[in-house]
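Each of the next two complexes has subunit A plus one other chain: subunit B in the first, subunit C in the second.
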Partner chain A sequence: MQKKILLVGDFGVGKSSLVERFVYSRFSEEYKSTIGVVISKKELNLEGLVLKFLIWDVAGEREISEVPASYYLGCSGLLFVFDLTRPETWVGMSQRLETIRQMSKSDNIIVVGNKSDLCEPSQIEQVLDKIGVRVDAVTSARSDDNVDRAFHELGRRIVND
Partner chain B sequence: MAKVQALDREINDEQRLAQQVGPILEKRIAELQETFPERFGPVITETLKVQIKESQDDVVEAISPIITKSLKAQIKDSQDEVVEAIYPIMGKLIKKYIQKEIAKLSESVDARMRQMFSFKGFWQRFIYRVKGVKESEVVVQGLLPPVLEEIMVIENDSGLLLANYSIGSNTDPDLVAGMLTAIKAFVEDAYSKSEQDLEYIEYETFTLYLQSFKSFYIVVAISGVLNQAFKDRLNDAVLGFAVKIAEDQNYRSDQRAMQSLLEHHFHEVND
Partner chain C sequence: MIEKKHPPLLSVAGSIICRFDSDGRITKCDGELTKEAFSSGNNIFEICDFLYGTVESLVPGDQASLAGIHHVFNGHELIIDAAVLHDDDGSFVLMMRDETSRYQAINQLNQQRNEADIMQHRLSRQNEQLEILKDVAETAVRTRTKFLATVSHEIRTPLNALIGFVELLTEQELTSAQARQVSAIQAAGQSLTGLLNDILDLSKIESGKYQIDNKPFSLLKMLEGTVGLCRNLADSKGLNLSIESGQDIPKQVVGDRMRLSQVVLNLVTNAIKFTDRGHVIVRVKVADSTDTSELVEFEVEDTGRGIASDKQQQIFEEFSQNQAGDANELGGVGLGLAIVKQLVNAMGGNIEVKSEPGRGSNFRIRLPLERVVEGSQKVVRSGIDAAGLDLLNDIYVLLAEDNRLNQQYVREILSARDCKVSVVGSGEAAIQVLKTEPIDVVFMDVLMPEMNGDEAIKEIRENLLFPLNKIPIIVLSGKTGNDEATRLLNLGANEILVKPYQPDALIRVLVETLEKSSSTESAEVDNRISNDISAEMIDIYRSETPNYLRDLLLALYAQNERRFNFQAHKMQSAMWVMEYMETYEILARLENESLSFEQRYALCEQVCRAVENSLRPIK
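Showing the complex of A and B:
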C-alpha cells in the first residue's frame, strides 16, 4: 500500500530536517531552504503491514496558505509541524489546522512540536498548555527524539481511516 | 635576471590564484549542478524545458532581468535566490531560457577564466559540468532512432505510481512520478486560463509525452528522434492501454494486472 503524505508548517520549523532524519537517519546543521517540493520515499512496517510513504516536503518561506492547492491533492495525511521555541509558529493553531483540513480534505493530521532539544521539559509543558489543540508528538530532528514515532502515528491513522 | 624573477613570480602568482580560485569555482559549479537536481528532484532540472508558447514571451521578458541578476549573484553567493526567484513562475519558466542564461554566464566566465589560466583539463571539466553532457553526445543525438525508454502510469492527484515499464533506467520511478506530478500541477496552474494540459517536456536527449485520462496520466519517455511510424505505434499503444483500463475498473485495484497489461501493450513499440 502506498500513500502520499505532506509536511506543512512555517518556514524553519524543521520539516525538512524531520524528513531527513526519518528517511536518511541524519541531521544537518547547515541551513537549507527547501526549493519547490522535495519528494522522498520510505517504507514503514506497521505491525506486519508495509506502508510506502511518498513524503512531499513543500517549500520554502511560504505561508501555509500559499502552498499550491494542487500539492494537497490526493494526500492521505499530513504532519503539521511547529517550532516549540517560536510562538509565531503555533499561534492561531486551531484556525490553521482548519485551513489545512479544508485544503487537504483530510482529517489525518498529526500535530508535531519540533526542536524539543532546545527546551526544558517545563517550557514544553507551558507551550502545550497554551497551544489549545492536541499536540500528537514532541520531536527533535536533531537528537532523533520521537521522529519515527510521529511518522508511524500518522501511518497508523491512515491505515485505520 | 630581475625580469626573469618577475616573470617567475607572476607565473607563480597566477598559479597560486588558480589554485585558490579553481576549487572555489569548481565547488560552486558542482553545487549549481548538484543542488538544482537534488532539490528539484532528479527530473526537474532537466525537465524545465517546457515549450514556450509565443504568448509567453512577455513573461520571459519581464522576468529575465531578475533571473539574470540573480544568476550572476549566485556565482558569488548561493543559488537559493535564483531558485526562489524561479520557483513561483516555474510553470511558465522554461529550461530553454535558463539554459541560455547559464550558457551566457558560463561563456563570460569562460572568457574571463581563459584570460587568467590556461588549464585545459580544468576548463574542459568545467564546461562538462555546466552542460552536464559530453559534446560528442550532443552531436550524435540528432541521428539516433527513437527508443521507448520508460512508461509510467501515474495517479492524477496523488502522483502515486500505478505501473511502469522501463528498459533500464536507474532512477526511482516512484520519485520521478511524484516530481512529474508536482511539475505538471505547476504548469497547469500557470496555464489554467487556457485549460491546457502539459503535453510534453524535453530534456537532454529525452522527450516525455504526457497523456491525461480521467484518473491517471501516462508518461512516455522517448530518446532519439521521433518519426511518424513510431508515433503511430505509440499512440495506438497508449490508447489501447487506456481503453482497457477504462473498460475494466478492476485494473485500478490490481497493480499487478495493470503492470502486465502495460507490458503487453508496449513491448512492441520498440521494434
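Showing the complex of A and C:
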C-alpha cells in the first residue's frame, strides 16, 4: 500500500533532517534550505502490513498558506513540524493546523516538536504547556529520538483511517 | 487550487510534453530529453513516481501544477516544474520543464536569507542569555557589596574600640614587654583595618560607586605628607627615602588628593616592603602640559627584589603577589596594586612598571591634572595647625553613642584636648541636651535605640529653632560608601567619620567642622556697613548673636524666667545697635511682658527667623 505524506512547518525546523534520519538513518549539522519539494520513499512494516511512504518534504514557507495547493493533492497524512527552541515556529499553531486540515482535507496530522536535544526537559515541558495544542511527538533528528515513532504513528493513523 | 480551464499546451524548448491514456501508458511524447528521460518505463508512474496520489486525485477537466520537484532521471537529479492535466476523454497530459539552474539560484538566495534569520535568532537568544547572566552578575555584586558593607560595620565598631584603647595604652607608662605586646596588637589592628579598607575600596570600585572628587590641592604638600607617613618604616629598614620634584610642578592642581595620596602611599609602602637595602625615591615632574592642565608623571623607584618580566602584568590583578616570588612572608593579600591601577584609571591616568629581578622596580604613573591659577582658589589644608587646635579650647561636645566602649574612647580623646563632653545614648536624649546645654558640636552615632541618628538629625534640622537647628553634626558611621555618605549629608550631617578611626582623625574632622561653621561668608549684615555701623561691629554681631540666641532658647526650654529675661535683654541692645528695630521690639516684649510658654515660643520663633535672615549669605 503506497501513501503520500507531507512534511510541513517553518523553515529550519528540521523537516529535511527528520526525513534524512527516517529514510537514510543519517544526520548532517549543515543546514540546507529546501526548495520546492524533495520526494523520498520509505517502507514501513506496521505489524505485518507493509506501507510505502512517498514522503513530500515541502520547503518551509513563512506562511503555511503559501504552500501550493497542488502539493496536498492525494495526500494521506502530514507531519507538522515545529522547533522547540523557536517560539515563532509554534505560535498560533491551532490556526495553522486548521489551515492545513482545510487544504489537505486530511485529519491525519501528527504534530512534532523537533530539536529536543537542544532543550532541558523542563524547558520542553514549558513549551508544551504554552502551545495549547496536543503535541504527538517530541523528536530529535540529531540524536534520533522518537523519529521512527513519529512516522510510524502517522502510518498507523493512515491505516486506521 | 485546481484550475478548471486547460492552459494551451505549448512545446517549449527544454520541456517535455507527454500524453498518456487513461491507463497511464504513453501515447505521445515530445521534447529534447524525451528518450533519456523516459527510458525507465512507459507508464506515467514508472516515469514520474512523484505523480502518485496527485494523478489519482484529478477528475476529468482538472489540472495540477507542481513546482520545484526534485526528481532523478537516469541518475541525474533535476528540479522540475510539472503540470498534469486530466483531459475530458480520460487521458492525461504531462508537461515538465527543467528549472534546476533557476531553483539553484533561488535556493542560494533563500539559503542566505534563512541563515541570516537563524543567525539573528541565535544572536537574540545569546543576548537574552547574556542579559540573564548580567542580571545574575549584578545581583551577585550588589549582594557582595551589601554583605561587605554590613560586615565592615560589624567589624569596624569593635575594631574602633580596640585600636582606640590600644592607642591610649601607648600613651601610658608601660614595661618594655607590655610595650612590645601593645605594639603587636596595634600592628595587627592596623593590618586588619587596612585589609578591610582594601576590600571595601575594591568592592566600591567594582560596583561603580567610586566617585573621584576633584578639588584643588598642593601636589608637593600631598607628596610630602604621604611620603612622610612612610618615613619611620623606611628608617627602620635603613632605607633612604626621598622626594625629587621637577621645577615646573604647579603649586596647586585640581584632583582627588585623597585617592592620589592613597595610590602613592600604596606604591611607597610596597617599595619599602620589598626593599632590604638601598633607596626608595619618589619623583614627580610635568611630562606634558596644555594651557590649563598638566600631565604629571609620578615615579616610585626602589632598589628592591624586583619583579620577573612574566609577572609584571599579573601584579595588577586582584589577589596576586608576585614580587620576586612568594610574598606571603611580608603580609598582604594582593589587593593593593589592583586598587592602585583601578584608582589611577578612574582618575584618567595610567600606570606601568619596569623591573628586573634583583635590581629593583620603577612604577610610573601618568595623570592629567588641572592647574589652579594662583589666587583663584582657596588653599586646602592638609593638616591641623595650632590655630585649628585652638578652636577646640573650651568647646562643648555632645556625643550621642550607645556603645559604652566607644563612648569612653571618644570621651578620653576629647577630654585630653580640654573639650567638655556630654554623653547620651540615644537621639532623643541628644535633642533634650541640645535644648538645655550650650552645645557647640554633636558627634552622632547612626544606630542607636529609641531614636536613631537619622531620626535625630532630621528632628534637629527640621524642628529646632535657629540657631539650634544649625548645630554642626558629625556622624560616626560604621558603614562606608558614597551612597551612605550622600544619604547622611542629605539628611543634614556636616561631616562623616567612618569607624574605626584614630584619635587624630577624630580631632581633624572636629577642627575642620568647627572651621567651616565659623567661616566668614558674606552675609546680609555686610550690606549694612554705613557711617553708624562699622565692619567690626558686623563681625561682632555675626559671631556673638547666634550664641545669644542659643542661650535665649535654652532658657526658654528650661523655663528659667530669670535667665530668659536676662538673655532677651542682652539681645535687645545688639538689635538696637544694628538697627533691627522690629526684632528689638519683640525682644522687649519677651523681657517685659508676662507671657505663657507658648506665647514666648511663638515670639522666639520670629526672633530666630529674623536673626537667621540677617546672617544668611548674600546671593
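We take it that the second predicted complex is superposed on the first by the 158 of 161 C-alpha atoms of A that agree within 3 Å, B and C clash if a C-alpha of one lies under 4 Å from a C-alpha of the other, contacts with A are read in each partner's own complex, and residues count from 1 in each chain.
Please note the rule applied: contacts are C-beta pairs under 8 Å (C-beta built on N, C-alpha and C of every residue); 3 or more make two chains touch, one makes a residue touch a chain.
Every value quoted in this text rests on a predicted model; they were computed, and no experiment measured them.
S.K.: Just from the overlay, do subunit B and subunit C fit on subunit A, or is there a clash?
M.R.: The answer is clash.
S.K.: For A:L54, using the defined touch cut-off, is the partner it touches subunit B, subunit C, both, or neither? Pick first, second, both or neither.
M.R.: both
S.K.: In the overlaid three-chain picture, which partner chain does A:G132 touch, first (subunit B) or second (subunit C), both, or neither?
M.R.: Touch status of A:G132: no partner.
S.K.: Using the touch definition from the top, say if A:V37 reaches subunit B (first), subunit C (second), both or neither.
M.R.: Both: A:V37 reaches subunit B and subunit C.
S.K.: Which partner does A:G12 reach: the first (subunit B), the second (subunit C), both, or neither?
M.R.: In the superposition, A:G12 touches subunit C alone.
S.K.: Going by the contact rule set out at the top, does A:Q2 touch subunit B (first), subunit C (second), both, or neither?
M.R.: After superposition on chain A, A:Q2 lies in contact with both partners, subunit B and subunit C.
S.K.: What is the contact status of A:R86 with respect to subunit B (first) and subunit C (second): first, second, both, or neither?
M.R.: second
S.K.: What stretch of subunit B clashes with subunit C when the complexes are fitted on chain A: 25-33, 79-87 or 259-267?
M.R.: The answer is stretch 79-87.
S.K.: Which residues form the common part of the subunit A surface touched by subunit B and by subunit C?
M.R.: 2-4, 33, 35-39, 41, 54, 56, 59, 68, 70-71, 73-76
S.K.: Which residues of subunit A touch subunit C in their complex?
M.R.: Listed in rising order, the residues of subunit A that touch subunit C are 2-4, 11-12, 31-33, 35-39, 41, 54, 56, 59, 68-71, 73-76, 85-86.
S.K.: Which of the residues in subunit A end up touching subunit B in this complex?
M.R.: Checking each residue of subunit A against subunit B gives 2-4, 33-41, 52, 54, 56, 59-61, 68, 70-71, 73-76.
S.K.: Which of the residues in subunit B end up touching subunit A in this complex?
M.R.: Result: residues 35, 39-41, 44, 80, 83-84, 87, 90, 155-161, 172, 174-175, 178-179, 182, 185-186, 188-189 of subunit B touch subunit A.
S.K.: Applying the document's contact rule, which stretches of subunit C touch subunit A when the two form their complex?
M.R.: Answer in residue numbers: 1-2, 49-50, 52-58, 64-71, 79, 103, 106-107, 110-111, 114-115, 117-118, 121, 125.
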